[in-house]
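The structures considered in this document are given below.
There are two complexes below, and they share chain A, which is joined by chain B in the first and by chain C in the second.
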Partner chain A sequence: MSDSDGKGRLTVLKTYKLYVGGKFPRSESGRVYEVTDAKSRWLANAPRSSRKDARDAVVAARKAFGGWSGATAYNRGQVLYRIAEMLEGRADQFVREVADAEGLSRAKAAAVVEASIDRLVWYAGWTDKIAQVVGGANPVAGPYFNLSSPEPTGVVAVLAPQQSSLLGLVSVVAPVVATGNTAVVVASETRPLPALSLSEVLATSDVPGGVVNVLSGRTAEIAAPLAAHQDVNGIDLTGAGGDAALAKDLEVAAADNLKRVLRPSGQGGPAADDWTQDPGTRRMTAFLETKTVWHPTGALGVSGGSY
Partner chain B sequence: MASPNTAPGTGTGSASGHPDNAPGHAGSPFAYAPAPESRSVVDIAPSYGLFVDGEFTEAAGGKVFKTVAPATEEVLSEVAQAGEEDVDRAVRAARKAFEKWSALPGSARAKYLFRIARIIQERSRELAVLETLDNGKPIKETRDFDVPQAAAHFFYHAGWADKLAHAGLGPDPRPLGVAAQVIPWNFPLLMLAWKIAPALATGNTVVLKPAETTPLSALFFADVCRQAGLPKGVVNILTGDGSTGAALVSHPDVDKVAFTGSTEVGKAIARQVAGTRKKVTLELGGKGANIVFDDAPIDQAVEGIVTGIFFNQGQVCCAGSRLLVQESVADELIDALKRRLTTLRLGDPLDKNTDIGAINSAQQLAKIRELTGIGEAEGAERWSPECELPSSGYWFAPTLFTGVAQAHTVAQEEIFGPVLSVLTFRTPDEAVAKANNTPYGLSAGVWTEKGSRILAVADRLRAGVVWANTFNKFDPTSPFGGYKESGYGREGGRHGLEAYLDV
Partner chain C sequence: MSTSTPSPLAGVASSDSTLRRFLHGLPGVDPVGLEARAAALGTRSIKTTAKAHAIDLAISMIDLTTLEGADTPGKVRSLAAKALRPDPSDRSAPMTAAVCVYPDMAATARAALGDADVKVASVATAFPAGRAALDVKLADVRSAVAAGADEIDMVIDRGAFLAGHYLDVYEEIRAVRAECTGHVRLKVIFETGELSTYDNIRRASWLGMLAGADFIKTSTGKVGTNATPANTLLMLEAVRDFRAQTGTQVGVKPAGGIRTTKDAVKYLVLVNETAGPDWLTSHWFRFGASSLLNDLLMQRQKLRTGRYSGPDYVTVD
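For the complex of A and B:
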């Protein structure tokens, strides 16, 4: 982070904040931690979220769930597309932040940002298709019309990948919210700034407050209360992938209310975390329930003979 | 005969056949003459071993336990109690068999499953009588529901075995390996079919543990496998208690765990498999709400309520154990329901006219008694029809609780017995809020003549299966499973395949 813009003017630094319920609070704990670039140079002080921040975020996500899950799939698609539009417009900022966070050249960071935008567009298109792909009528042996439809699981805690600070982040958050869930996202512990900046994109993209909530801090400290929270319905453990003991502890805690658990890659989860590959549908179906509704079809009696 | 997905025990259709003035209890001029199904069709051996690698063998520890007929407490047979050593042997047999089984062309696996389906159909009368003896449920349920549905599950999944690449689960779905399957006592053969049929169709091999109190139909199924020529080790059956099940799901060489049973045990399994690669599906408890609106056809709703909670003595995870009735029709509905309950015939499960059979075990009966006792103590009003219970065996009269509040134990906890808790509501919003107000999310029912209300309410119910103007319908093509603490994963249909595949 340079102190000046090269023309002698002192730059205005940004205070990075959490994103909870559509607002940008500091951690209620008042704590921050130092975030550095790939060469250990100071970038910013990020909020170090507490258990209370995690609980507040769950409350916000629950409050937003009814409206978001009840929105039309078309509407959710438009909102996701709007995120892509906003990100495109602020691409330069993200190229800089991703380059700093991940130690990438500007060209490589630009490719990451472009892929992130494209991933959002991809999921924007999924919102009104997934129900047809994974749902449908079942040909039951009786006079019933029987339809299976996917529905969002509810509030999902998402431990974002530790390495891929923007593309990985978008790749785990977009499928969760595209399908109508609301999310409490724990940003990469050492590379949280792109996530915190993405919050500003979300806030200006017609995403209702509380649909995505972003927390920064120590992953283990924030993830533990989320995994144990009785009003969280699912948890994506991707960000705990580097710590098998932590992932296991979180899965044990998640069993208390039978959260849907997406295990880290290579540990029962996806084969690998290659965020440049076609994501498939797995990250969407991991947090979808199937509801099957039976209706009697009745009978028209002998008039059926008029076929 | 009812269509195979119709729960027939107390189902719609049977109702119109017996008018209100034909109560089942003795002394009525309209009493039914006994119509028992013959036991001679089934030959139960005095003892059974474990079915491992195609052979029946004794448990390594030599331990056995008895299985009794819940209707009479008669000892039916003695079965082996599998221990850790037996679990290990069975898992190794399944692992060994996996290599060849998974490499078979799907069309060959399909043919084995078609054979099994056909043999179950051929032996359906024998299996129905056996299941009724060991479980205590009425013969008309085993005959018209459990056994035909079990055959249908094998028939349905047989067809998938050579079409998996077309199931929309990715271009190259692969079997997981060895599946550890633990099933409950409420539908012993049918739950076996729900587990084994998709596992084999997708190329896995299985070690299945039937419930402690209902081991016999699984052991007879082992013989079905032999008749079908199924390769050794593809299906292994271990009888035993909870400790056997725990040893099975925790075995390190198991790739998949499928469990149907209590939420408590389901959570223990979820903890146990944490940090492993084992794929898990859990089909657990429920406290299903059956919502009746004021415009519902009352007589049909009454039949649906009866099917919902008295089918299989209410020992059904998706039972409609909470009746939510709109206040304006509550009195009329409850009166009609009580009249209907006086016509239910409780008694000998082998009698073809029996509606309500025996409770499966002394332990389950004690649990139902305890929870209904709490219901009374907490202030709900208890009612049962005049009902003579047999002197031996495990029996519980159909029971209603009215004046139930949401906080009452009988409105929150799964009783797993013929006990219905009645609550009322005024608005659709209130009905939905009350229906969703449990940690469970397995089933729900909606009764109304208004189509748009069905869809709006069904949309907001957090439950895996919703029955509109019907209840307790099942089909192999229809995915089944819960939201929230009713478990995860689906069984049946295209959806159910995913639970057994690496996609």
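For the complex of A and C:
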């Protein structure tokens, strides 16, 4: 980010903001913190969220849950695909931001952005297929249909990976919303800018406001109230992976209302996160409940013959 | 409560012209100043123990309200149960001030509340429009009082008020007042959203107090604009000035649109800073609300446990 374009014109710097309930507020606390690139050069000021921002984001996510979980899986797939389309159109901006944030060459950053777009398309395809994989008709010893179908857990707090600022982010957020959950995302603490820009993509991609909420700031500060929040149903601790003590504290706090907890890599999850690999369905099933219903078949057996 | 016109203002209601002269002689309201004052008082920071006190006070001031066409006896009973024990997980949560229902539900509410110190408030006088003949309105009030209502929330005839027929409005309030026998207290609803100007709200406040209202209430909750900090501030100034002139204290009840703890605390600040601490009791200040209670309870749980609570932990109304 240079201050001028060489022709004497000052470039217009962007004010990065949070994304809560489909709107772009500043932090309620009014705080910001400096974000630097891989070489410690100043890039921008990002909002430093407080616990009240986290609370507001949960309220927004809860409000959006009914509509999003009730939308058809096919429709959710369309919306996710739309995010990929929008991201493709703004790829240049994201290549620049990822290159700055992660210290990558332009070519490598471009590969990361492309992988992120492909990841969204991949999860878009999964929205109406996951039910066939993890649900099904169960054989039972009686005149019943016994059907299991996956249902979203609810509001999920997602601590995005600290290192992979875009591909890692997309890889943890997309599976949560693909299955009908709504998300409160805590962006990477030191590399939040791609996440904050991604929220602009989400806002223009038919994603209903509140389905994804993005907060930036100190991960430990924002994660603690989210983990203890009684109206959050699940928490993905990926972003707390570098701090075993923090991850443990968060898991203990989350136990109070029986949140589903997805542990970070190396602490019950896979040994390490490689975001370029095929993600499998692990992250989708982590935040799904299985609902099983019994339904009479109508066949009443021998004694029912007279009916 | 005295039902006669207090002496310093004797004679102002003797005719339409004297009443008009008095009401139009009230100082004009500076809308910009009023709204700025209300906004400034809304910026006070109320934290920790003060906040805990404010939350309990606000809960004890709520007229827990259900005024829907779809009200059933079952819904009124569950509302009464909630008024008696707002937070079943915490017995230290105070009871609300009253349950506010339509007249035909007043008996149900009375029976459900038993002899607990929660009042039954009933709207009456063809609520919310108030468009009915006087004898119909009075019969409405009588039925509510007979069913055991402790408080009557009447609506004024906004049509007559806006047409300038102040004496008609005055006489109607007096007639309703006369039906409130025994210890029944009368709340007079102005429907501030329909009065158009702050000057009209000030005039209506004085008109209601002159006619013997025990409470003046902003609105029905059935129109677009309900209670706002500014119109409540204006009414608080009116009750303060009325007591200074006549010695008679009148309560204030903002209703409609107050949904969050933050809003409720702002109103309490307005009360304390305008009318004074004398009004900081459920006898003189009320909130007409329903969803507000759940937010207060969630905040209360947050203060008690340190964790943010959620809608799963309060009752669904």
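In the analysis below, the second predicted complex is superposed on the first by the 297 of 307 C-alpha atoms of A that agree within 3 Å, B and C clash if a C-alpha of one lies under 4 Å from a C-alpha of the other, contacts with A are read in each partner's own complex, and residues count from 1 in each chain.
Simple rule for what comes next: contacts are C-beta pairs under 8 Å (C-beta built on N, C-alpha and C of every residue); 3 or more make two chains touch, one makes a residue touch a chain.
Bear in mind that the values here come from a model prediction, so they are computed numbers and not experimental data.
A.B. asks: Looking at A:Pro161 after the superposition, I want to know if it touches chain B, chain C, both of them or none. Which is it: first, second, both, neither?
C.D. replies: Neither partner.
A.B. asks: Can A:Asp256 be said to touch chain B (first), chain C (second), both, or neither?
C.D. replies: both
A.B. asks: Just to be sure I read the superposition right, which of the two partners does A:Val293 touch: chain B = first, chain C = second, or both, or neither?
C.D. replies: First partner only, chain B.
A.B. asks: Should A:Pro47 be classified as contacting the first partner (chain B), the second (chain C), both, or neither?
C.D. replies: neither
A.B. asks: After superposition on the shared chain, which partner residues are touched by A:Gly142: those of chain B (first), chain C (second), both, or neither?
C.D. replies: First partner only.
A.B. asks: Does chain B (first) or chain C (second) touch A:Pro225, or do both, or does neither?
C.D. replies: second
A.B. asks: In the overlay, answer first, second, both or neither for which of chain B and chain C A:Ala244 touches.
C.D. replies: A:Ala244 sits against chain B, while chain C stays out of touch.
A.B. asks: A:Arg62 in the overlay: touching chain B, chain C, both, or neither? Say first, second, both or neither.
C.D. replies: second
A.B. asks: By residue count, which of the two partners contacts chain A more extensively, chain B or chain C?
C.D. replies: Result: the larger residue contact count on chain A belongs to B.
A.B. asks: Which residues form the common part of the chain A surface touched by chain B and by chain C?
C.D. replies: Of chain A, residues 256 contact chain B in one complex and chain C in the other.
A.B. asks: Which residues, counting only chain A, touch chain B once they are in their complex?
C.D. replies: Spelled out, the residues of chain A in touch with chain B are 133-134, 136, 138-144, 146, 148, 153, 233, 244, 247-249, 251-252, 254-258, 260, 267-268, 280, 282, 285, 289-296.
A.B. asks: Sort out for me which residues of chain B touch chain A in the complex.
C.D. replies: Residues 3-6, 152, 168, 170, 263, 266-267, 270-271, 274-279, 282, 284, 439, 454, 458, 461, 463-470, 473, 475, 477-481, 483-485, 487-488, 490, 493-495, 498, 503.
A.B. asks: Over in the complex, which chain A residues touch chain C? Could you list them?
C.D. replies: Touch list, chain A to chain C: 51, 55, 58, 62, 225, 228-232, 253, 256.
A.B. asks: Of all residues in chain C, which touch chain A in the complex?
C.D. replies: Residues in contact with chain A: 301, 306-313.
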